Amino acid sequence: MFDTAFSSIESVLVVSLLLTPVISGLLVTLLKRKRIIETTTVISSLLILIQGLFLLSSILEKKSILIFDGIFYLDSLSAIMIITISLVGFLSSLYSVNYMGRQYEKLIVDRQKLVRYYQGFNMFLFTMLLVPISNNLGIMWIAIEATTLVSVLLIMLYTKQGSIEASWKYLLIATVGLSLALFGIILFYYANSVYDNSFNSIHGMDWTNMVENAPQFDPNLVKFAFIFILVGFGTKAGLAPMHTWLPDAHSEAPSPISALLSGVLLNCAFYGLLRFHIISSHSIGSGFSNTLLIILGIISLGIAAASIYFQKDIKRMLAFSSVEHMGIISVSMGFGVFLGIYGALLHVINHAVVKSLLFFSSGSISQKYQTKSIADTSGIIKTMPITGFMFLIGGLAIIGMPPFNIFMSEFLMLSSGFSSENFLASALVILFLVVIFASFGKHLLHMIFGNPKSVMEKGDLGKLSILPMVILVSIVFIMGIYVPEPLQTLIEDASKIILVGGANS
Amino acid sequence: MSDFSMLEYGLGTLQALLIIVLSPLIVGVMRKIKAKSQKRTGSGIFQPYYDIIKLLRKDEIVSDQSSWIFRYTPWINFVSTASAAFFIPVFLVYSPFGVVGDILLVVGLFALGRFFTMLAGLDVASSFGGLGSSREMMVSALLEPALFMTIFVIALFYGGTNISTIVSSANDMSILIVPGVLFALIAFFIIMMAETGKLPFDNPSTHLELTMIHESMILEYSGKNLALMEWSHAIKQMILFTLFVDIFFTWNFVEQISLVGISIGILFFIAKVSALASFTAFIETRVAKWRLFRVSDLIAMAISSSMIGVIFFFL
Amino acid sequence: MVENLFLICAIFAFFSLGATLGLLTRGHKYHSYFTYIPSSFASFLTITLSLIIIFSESTHLTFFNIQHLFDFEIFIDGVSAFFLLIIGLISFAVSIYSLSYSKKFDDKKNNSALGMLFNVFIISMVLVVISNNVFFFLIFWELMSLTSFFLVIYEHENKNNLKSGLTYLVMTHLGTGFIFASFILMYTQTGSFSFDSFRDITIIPQHVKDIAFVLAFVGFGTKAGMVPLHIWLPKAHPSAPSNVSALMSAVMLKIAIYGIVRCIFDFNAVDGSTDYVWLGMGMIIIGSISALVGILYALVENDIKRALAFSSIENVGIIFIGLGLSIVFAAFHLQALSVLAFIASMFHVLNHSIFKGLLFMTAGSIHYSTHTKNIEELGGLIKKMPWTAMMFLIGSIAIIGLPPLNGFISEWLTLQSLLAVFQIPSNILQVSLAFAILAFALTIGLAGATFVRLFGITFLSKGRSTKAVNAIEVPKFMLIGKAILASSCILLGILPFIGMNLIVSAFNLPYMSSSPFETISITNTTDSNFASLMMPGVLVILASVFVGVFVVVRIIGGKTKTIKYGTWDCGFGNLSEKTQYTATSLADPIRRIFGVFYKPHNDIDVDFYTKENSYFKKSIHVISTTKNVFDEKMYGKTISGSLFVLNKIRKIQSGKVNAYILYIMITLIALLLFVGFGAHE
Amino acid sequence: MSDLILPTQIDLLHVSAVILLVATFGIVVRRGFSDWLHAYRYQTIILAGVVALIAFVTGIWELYIVSALTLGIKAIVIPKVLFYVTKKLDSPIKLEINPYVSLRISVIVSALLVTMSYFMALQLPISSDKTIAVFLPVSFSLFFIGLFIIISRRKALNQIVGLLTIENGLFLFAVVVTHGFSLVIEIGLMADILVGVVISSILLFRMSRTFDSIDIKNLESLRDD
């Protein structure tokens, strides 16, 4: 079997992609020196990024790759995920060197915890990479559940009361949600196996297989199942009102991990949702799932708008803005026209970039000010000019100010909203966006400008903390007015994959 | 504007000069009539001329707080007001300078003069001047709508804001019977009283800070400047009277230019204006100064009557 | 075409040069020269470009297209060129002004940011005017807002500036939302993001267009400061450094007007059909209200820059009146009148940008040398800074529309087109427009009062504080900058046809006049002369009268001498600066009459020598306050209400994990029921 | 395949279904920590039996392994871990004192949930052979009662048990409806559950150390107001 398996270069790439974090995790466990484990992690994540880019190129040429007789399946959609994961993963590993280094110096974490951190980091990357690659939906589910467990471990790194509480809630809610999702998966599986009476065959749960058989599924069953899927994966993807774990977990985790959680993990869960969205679109037309997506998305936007205005904690505010943006993605997906889906996928990337930028900068800021409270943080631009500037850019980008990248995807979303004649939804979205704009802007201005409360020495926190932000900011600027050609084609292919189902609605 | 002969320009200038020169006379006439109706002898009707000449000859005292605004205001005021006289037909149905500007320009020139007068009132650091300017600000601001509404009515009825057009078409049709114009007339009369600082708006004859508006602005003036101020005030009044009679009592304009016709026209003009003046003076002796904040009621009356005029036109 | 492209590139090159140098040479001795000389060059080039395009016989259009995800098209026709001219002219003057003005911040802050943003701000405005694609239009539009926002909060140590900055940002974003909605609505019909497709009248159904126009009007109106969406304007403009507030008030508002002209006149709104009467009337009504409200608040304002900002609202209102009239006339096939009204409003656009720029720069100079914007503390500046006073006087005479300056011309034209409404064949419209005349006239009157107050209190009589007493005249560059605009005020006033020809050929309207010395004449239905105006003639008359009276006075009066003496004090002695009229008391009568807008309130507390005897007062303190009805009633209520709701919503994050799981279950069941019912249908 | 089922087996199915429900109700009605674990263990053992039965019926050999795994991990290892935890907990009282919903009412609610799940089973368009007909509603009720336990109880341990009940419900559902997943996935699931339990017991330790109780009323500090 293996000689056939490794015949293609992609299979090698995939395997190495999956093995790299595992190996580095093992290395970290074995040799416990601070410097070394840091470098190992950074290098491994860099390798992951590079392999991801290679995979991307090969996917660009041959639209979809099916290897290990259908355990792993990659198409443009998963390529987008992989690229996002590996990019943010690399940058946050780079950032963690500085961030965790400081925590280490401040004796907030000891050596052993540092080791655990980097182990967790690598495992986290591994599990997340497994999600978009796996073709078998059961494995995908397991991977997503695994991400929960690993990230809980990472949140549990500190023994503060807050982190205990956050991780407990996160564990409980996410697991419950995912069990709902599993329920849905089983139903889909049943529907599939009923169709070609292939009970208990490993391929019965393959996405490719399901998509093929989708048109023959029993519509009511599909509806029933999709609701479970939506609620389940929606919980993990932070769609309101199942988002409740999100602000706690994101605010209590170490900043690099918050970046990963917000920027990538949510997208992974949403990816799972998308796969089933496609199946159900194939089977009963996209109208049904689109409506649900729009409803949940708008609820998320509304709740995020409400919560951001009164927010007192920087990272909680950012977390709620993640809820908002997941809402935007799902609404934009739900509009179900090419432009909207394109916008949604673009938004996945943009949001990942901007949100990790924000989490990095806020991490440095809260380290500098030694508080996460918005009220006590002011005059950043004076105390730490570069970080402050980055934070400003990130903030302006996240509230959808041109010429930054988020604006483009939101522009696409709203255009699609109008052109698909969901006027009410679009109007609501605009309303909530303006509210969020006002509230977030208020906090942003207060934090960045004005004079700092207490006198503190001027200066940023080291080059390694600045470097990732600089990279991200440059991406933000570039993507603001121009999406690179390969990315365009990639996103277009992915949108086509999703849109196919929409044809018979 | 080349379609007028040199003679006509001469006549136009003559009309303007008539207004400028005769204006103190009208003041004198009014004073005389007031005095008579108050059972006083009063001074002769040429007294204003003597006053002006006397003042022109006097040295002047200027406040050390004041700036060039204060010093040049009389000139600006006089020039703007006197230039307005050039657009007013007196005995001809038109003014050859009518092409240059219309009634709006006349209003604008008045406003220019008033603007500087108010500034001059503020320029000397006394509280009197400020008081005057403040009240003048209010009155003029409120007067503006009334004025424009009236102009609107007139423009509606006589097809233009160009004074020559207005007067000539007014001359063509004996229009007095139309109610709309009647209302315009009432409005215009009120405006005239307000603009020229007559009772019940303003009482120039008492230098009592409770009553005065215009006088308190020019309180600091003396000599030449005072003369110019007084004179330009007289000219403004004359122009308004002339406009009034031009528009509403349009008989005996000179049809074809001849010496006799012109002299008759001039006589008629003087007769008309002095009649109007005496009527005004008569009214003035019959009313008392109103409270400042009731002045707005009068102006509102003017506005509403001109609005009614508008509506009458469209009905 | 090509040389135009070259010019455009040169403009960008110079502006960006200014921006970069501004950043690089921070703290350098000649920093301001490095920053603002390039921008003045660029502005000059902008003027040239616009003039070339306006007066090129061959074609009015310049068109380039750079491919991207969306097309980035540069499209300069007469309309863009006209507004380019405004941008160029004002920013030229302001750049020169800034050479000295920016030194104000030298010791306090690094003004590298100021210089950079200043340049970027101007570029963004230029780009807005010349971009021909929804996406890029919006990007540059928001870039303009963003840079101006940063300039507003430039002195961010002051909390109020931050507040007003936020208000500005939010309001302008709201406006952008409307604009966006309008454009996207058009896009859904045409399926293309390029403005060219929008120009195609045939494919867009009427009702969609109506909605789109209304949305666009609201959106751009927000930026232009139309009541009641104006509240940001009097907050933001004063907070910015004065050179920037000059740009914002004089140019940025005009960019909003540009947007309206683009959408409503270029995208085929104004055709012969009577469908657009309501649109025109709406504009006129809103315009009148804005004019009135703006000037009413300007009248009682003590902060000189705020007062100027309010008067900007007023002037925008006047411009709207003109545009609306033009639409209405066009709807009734009164071509000539429509053109007249349009010219009037465009001329007012030009004029307002000139004198408002001038006035803001003067206000900046006052702030520069006295460090205060509160006119209650000023006074007597005419002796300290004579040239600035002269400029301010010219500016005020122009803005309140007195002859012989440019303001008079545009207001005259507007008024003429208002007076011509009797040609509209509809009584209701005529009567309602009569009310518009009423509002307009009242506005003019109040404007006069406002500027008497501003000039009188600021420059005349005694200085009311040491700040005013120790003031000195500002450096020469600031004077030059102002002089440029002041002289153009006078020029446009005396030879209005310079401006009018510009407009006529920019918007290629009919009725081009040959020489600038011609008479503006409007004929009525029986084409006798309805009204006519010839400013050179007026000037001649004024001059001759002056000469005449001078001679007469000399002949009669002979030589007299003038004696300087103290102001008459009723023999009371030592008049102090306290005894003279204050700004508040000057405006008091009007404040009382229009009390409904201000809710004026006086707190008087008297204390007596002895409690029992209330005749001998020791001291009387009067605190006189006016409120802004729109801020407190409209916005205050709305915001507090919505916050209440939000606060209720966010409570679902209760911290109880059981509740959270319950939400999940409820959502699940709700959706199941939703679908269950859906299935059973 | 229905012809394969002998009457005795049907009775067996019914009996086991009933015992499953009883065990689940046991979790609902009891207060003590250890009682829950006992109940859970019985529940799981029955589950394993059911799986074995279905394996016998359908003759899918993988299901035997699955049932063995269930028995091994879910019925032996996990309860052991949790018993250990409860023993080690510092908190003196190892009882659910005052749940959000009193036990009496919880019983009623769970009964309602059971009926609801029967209706749901009828609603679902799943071709019903005997096994399914019997166990589908049972699995639903396990699922929902588990949810209900999590919602209504204050003790973290109880919530874990609720979670495990949900897992069991899912597991039963999967086995009944689709005769289990493929072996790989089953193992993965088991591993996930095991790790989850381990992590949550670590959390339990930390809780009891920090708040000296595992009552989740201590976990309400992170909220928005």
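Labels for the chains are A, B, C and D, by order of writing; each one numbers its residues from 1.
Convention: contacts are C-beta pairs under 8 Å (C-beta built on N, C-alpha and C of every residue); 3 or more make two chains touch, one makes a residue touch a chain.
Please read all numbers here as calculations on a predicted model, not as lab measurements.
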Touching both chain A and chain C (chains): D
Higher-contact pair (C-beta pairs counted), B-C versus C-D: B-C
Most widely separated chain from chain D, with each centre as the mean of CA atoms: B
Computed distance of Cα centres, chain D from chain B, in Å: 101
Intercentroid distance (Cα basis), chain C paired with chain B, Å: 35
Averaged-CA centre spacing for the pair chain D and chain C, given as whole angstrom: 71
Where chain A and chain B are represented by their mean Cα positions, the distance between them in whole Å: 80
In chain B, residues with contacts to at least two other chains: none
Numbers and ranges of chain A residues touching at least 2 other chains: 168-169, 172, 176, 220, 224, 247, 307, 310
Of all residues in chain C, the ones touching two or more other chains: 650, 653, 657, 661
Which pairs of chains touch, using the document's own definition: A-C, A-D, B-C, C-D
Chain C - residues contacting chain B, complex: 380, 382-383, 397, 400-403, 408, 412, 415-416, 419, 422, 427, 430-431, 434, 437-438, 440-442, 444-446, 448-449, 452-453, 455-457, 459-462, 519, 521, 524-526, 528-534, 537-538, 541-542, 545-546, 549-550, 553, 556-558, 560-569, 575, 577, 579-581, 585-590, 592-593
Residues of chain D that touch chain A when the two form their complex: 58, 60, 62, 124-127, 143, 147, 150, 156, 159, 163, 166-167, 170, 173-174, 177-182, 184-185, 188-189, 192, 195-196, 199-200, 202-203, 206-207, 210-211, 216, 218-222, 224
Footprint of chain C on chain B - complex, ascending: 1, 53, 56-69, 75, 78-80, 82-83, 86, 97-102, 104-105, 108-109, 111-112, 114-115, 118-119, 122-131, 133-135, 137-138, 140-145, 147-149, 151-152, 155-156, 159-162, 164-165, 169, 219-220, 223-224, 227-228, 292-293, 296, 303, 307, 310-311, 313-315
List of chain D residues in touch with chain C within their complex: 100, 123, 147, 150-154, 159, 216, 219-225
Residues on chain C engaged by chain D in the complex (per definition of touch): 650-651, 653-658, 661-662, 665, 676
